[in-house]
Amino acid sequence: MTKLIEYEQASDEVRVVYDDIRATRKTDYINNFWKAIANHPPTLRRTWETLKEVMTSPGELDPLMRELIYIAVSVTNGCEYCIASHTAGAYAKGMSDVMFAELMGIIATANTTNRLANGYQIPLDEQFKT
Amino acid sequence: MTKLIEYEQASDEVRVVYDDIRATRKTDYINNFWKAIANHPPTLRRTWETLKEVMTSPGELDPLMRELIYIAVSVTNGCEYCIASHTAGAYAKGMSDVMFAELMGIIATANTTNRLANGYQIPLDEQFKT
Amino acid sequence: MTKLIEYEQASDEVRVVYDDIRATRKTDYINNFWKAIANHPPTLRRTWETLKEVMTSPGELDPLMRELIYIAVSVTNGCEYCIASHTAGAYAKGMSDVMFAELMGIIATANTTNRLANGYQIPLDEQFKT
Amino acid sequence: MTKLIEYEQASDEVRVVYDDIRATRKTDYINNFWKAIANHPPTLRRTWETLKEVMTSPGELDPLMRELIYIAVSVTNGCEYCIASHTAGAYAKGMSDVMFAELMGIIATANTTNRLANGYQIPLDEQFKT
Amino acid sequence: MTKLIEYEQASDEVRVVYDDIRATRKTDYINNFWKAIANHPPTLRRTWETLKEVMTSPGELDPLMRELIYIAVSVTNGCEYCIASHTAGAYAKGMSDVMFAELMGIIATANTTNRLANGYQIPLDEQFKT
Amino acid sequence: MTKLIEYEQASDEVRVVYDDIRATRKTDYINNFWKAIANHPPTLRRTWETLKEVMTSPGELDPLMRELIYIAVSVTNGCEYCIASHTAGAYAKGMSDVMFAELMGIIATANTTNRLANGYQIPLDEQFKT
C-alpha cells in the first residue's frame, strides 16, 4: 500500500503520467501521493487527469484561488497529507502568510455557521430556494 | 428554536446587530439564520462580528473569493442552508455559472484526493513537513 | 426501507423491544427511528440495548447532560432526524432555551478550533501526549 | 505556520491575549494552539474571546460539562490536537475515568444512530417538527 | 443551478454522455444528478467517465458489491440524494432487505469504532504499520 | 486513556471478552483498540458483541465484503487506526491489491458525487422517494 513507485521502477503506463506531472508542475519532484496511487495505474491516470483539468485548465479562477479552495476542503476534512502538500503548493503559487490566515479564518467561521444552521434547525428562506 | 425574531419584535441588543447587518450588506433583508440565532443575543452578536470581520475586513482576498471558500466548506459539510445562502451571495458578488462549476469541480476533486490520501496511508514527504 | 413497523403489525421479537422503549421512556410513543430499524429485528434490539445502556444506566453523567452530548454529535454530523428528536428529548429532560444556546455556542466554537488546529498543522504539546 | 510565537518574542497585541489566557486558566502555560494562531493576531484575539465566552462566562452549564461537549465534537471530527488538549482539560476540571468512558459511549452511539437515520431515510415525526 | 438539462434541450456534447448513460444502465432514464451537472459539460463528461470506470469496468468486485460500498460512503456523509439513488440502484442489482440491513449494521458499527479509536487516542499496533 | 490492558493484568470480566476475540479471530493477538477500551469493561463487552454480530454472524454478505464496507467508512472518516487495522484484516481475508484499488476508487468517487449533489442542490427524483 504505501509502497511508493519510483520513476525508475515504474512501468511505461505510469511514466507517461509522471512525465506529465513534471511538465505541468515544472518540477522533477513527484510527491508520495502520486507514487502511492501509482500502484494502480488506472487510478493514477484518472486522478491526475481530473486534478490537472480542475486545477490548470483555462478558466475564471486563477491558480492560487484554486489552491485556496483545495485547502479549504482539506482543512474541513482534516486530511493531513493534503493540508501539508496543498499549503506548500499555495505558498509556491504566491500565497502570503496574511492570505493564509484570512483563508483559515473563513474556513473556521464557515464550519461554525454550518453547525449553527444545523442545530437551530433553520428553515430556508424563500428567496434562497432554487 | 426556529422561532424567528423579526426586527419589529427584537430587543435593542438585537436591533443593533440587525442594523449593522443591513448597513454592511446594503440591504434591508435579514435572513432566517440571523433571525434564528437572535434568540440568543450573545450568539448573534459574536457570530456577526466574526463573520463581518472575516468576510469584509480589508485584506488580500476579495469578497467574491471569500464567498467561494465559504461555499467550499459548506458543500463539503453538506449544510443545505449555508450552501443555498452563500451561493446566492456569491452570485450577487459576481460569480458566473462557469465560475460556480469550476468551484464545484475543485471541491469534488479535493474530497476525492483527501480520501485516497487516507486510504493509501501515504507518508508525508519530508519537504512538506513544517 | 421507510416502511414503519407499527406495534400492531410487529412480531413478538419487535414488540419486546417496543415494550421496553415505552417502559424506559415512560411514554407510549414509539418514534419513526425505531419503527424503521424494526424492519430488521437484530438491529432494533442491538441499537436499543446500546442506547438504553449509554443513556439510562446509572453513572456519573445525569440524563440531561447525556442528551446534550448526543445533540453535540448530531449537530456536528448534521443529522436532521437526530437533531430534532434529541433536542425535543433534551427539552423534555429540563433543558432551557439558554442552556440550548450555550450548547450551540460550544459546538460551534469546537468546530472552529478543530479546523484551525488542522489548518495550522499544530504540533501536539509534550504535556498532552498520552 | 507551525512557527510558534513564544511570549518573549510576542508583540504587545499578542501578549495582551496571552496574559488573559494565563489569568483565565490560572496557569502560565500557553499551549501550542494559541502560539500557532498567534501568527495572525486578529485570529488569536477573536478565537480567544469566543472560546473564553462560551467556556467561562456565567451560564447554566458547568465548566466540566462544557469540556465534555467540546470533546464530543472533537472526537466526532477526529481532531487529534483538540481531543488531546481538551481531554487533559476535562481531567483537570474533575472528569474521572468512568465519566470519560460514559462520554465516549454516548459519542460512539450517537455516531451510530446518526448513520442509521441517514441510511434508513427516516421521515421526521410530526411531533419533532419545529 | 438546479436547472435540469433535459435531453431535448441538450447540446451534442451533453447528449453524447446521456446516450452512454442510457446504454450503460440499459434504461432511458437520466436522473436529476446528471441533468444538473450537465449545466457544465466538462463536469458531466468527467464525472460520468470516472463513475462508469469504477462501477462497471471489469474487476474483482461485482456490481452489487460496488453499490454497497457507494452506499456506505453516502450514508457516512449523509448525502440524501446519493443514499436514495444508490439504494434504489442496489435493489435493482439484487440487494435484498436483509442484505440492506446487514450493510447498515456494518456502517453504523464502523462509525462507532472510528470514534472510539479517536477518543481513546489509541496508538497504532506495530503489526499494522505499513 | 491509552493505558493498554494486557491479558495478564485483566479482570475476569475483560478476559472473557479477550478469550472470545481470540476464539472468533483464531489468533492470540488482541490489538490495541480492544486493550484500550478494556479500561471500561462495559464498553469493551458491548463493542465486541456488536462488532462480532455485524461482522461474523451468518448473513448474505461474506466476511471479506464486510471488511471492505468497514474500510469504506473508515477511509471516508479518516480514522487512521481503523484504516490500518481493517485493511490488514481485509488482506488476511483474501483481498488482493487490485481489489483494494477498486475499493479505493469507489470510495473516492462516492465522496466526489456526494459533494456535487450537495453543491448543485439537486432535487430528489420522484422515483427515488421512498
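The letters A, B, C, D, E and F name the chains in turn, as written, and every chain counts its residues from 1.
Simple rule for what comes next: contacts are C-beta pairs under 8 Å (C-beta built on N, C-alpha and C of every residue); 3 or more make two chains touch, one makes a residue touch a chain.
Quick caveat, the model's predicted, so the values are computed rather than measured.
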D-E or C-E, whichever has more C-beta pairs in contact: D-E
If you average the Cα atoms per chain, which one ends up farthest from subunit E? D
Farthest chain relative to subunit C (centres taken as mean CA coordinates): A
CA centroid of subunit A to CA centroid of subunit F, Å: 27
Could you state the distance in Å from the CA-based centre of subunit C to that of subunit F? 21
Subunit E residues touching 2+ other chains are 1-2, 37, 39, 42-43, 46-47, 50, 53, 76-80, 84, 87, 98, 103-105, 107-109, 111-114, 116, 118, 120-121, 130
So in the complex, which bits of subunit B are touching subunit D? 1-2, 42, 46, 50, 53, 57, 130
Interface residues, subunit F side, partner subunit D - complex: 1, 37, 39-40, 42-43, 46-47, 77-79, 130
Report the residues of subunit D in contact with subunit F in the complex, numbered from low to high. 78, 87, 97-98, 100-101, 104-105, 108, 121
Per the touch rule, the subunit C residues reaching subunit D in their complex are 1-2, 4, 29, 31-33, 36-37, 39, 43, 47, 50-51, 53-55, 59-61, 65-66, 68-70, 72-74, 76-77, 79-82, 84-85, 88, 96, 98-99, 102-103, 105-114, 116-118, 120-125, 127-130
Subunit E residues touching subunit D - in the complex, by the definition given at the top: 71, 75-76, 78, 80, 83-84, 87, 103-104, 107-109, 111-116, 118-121
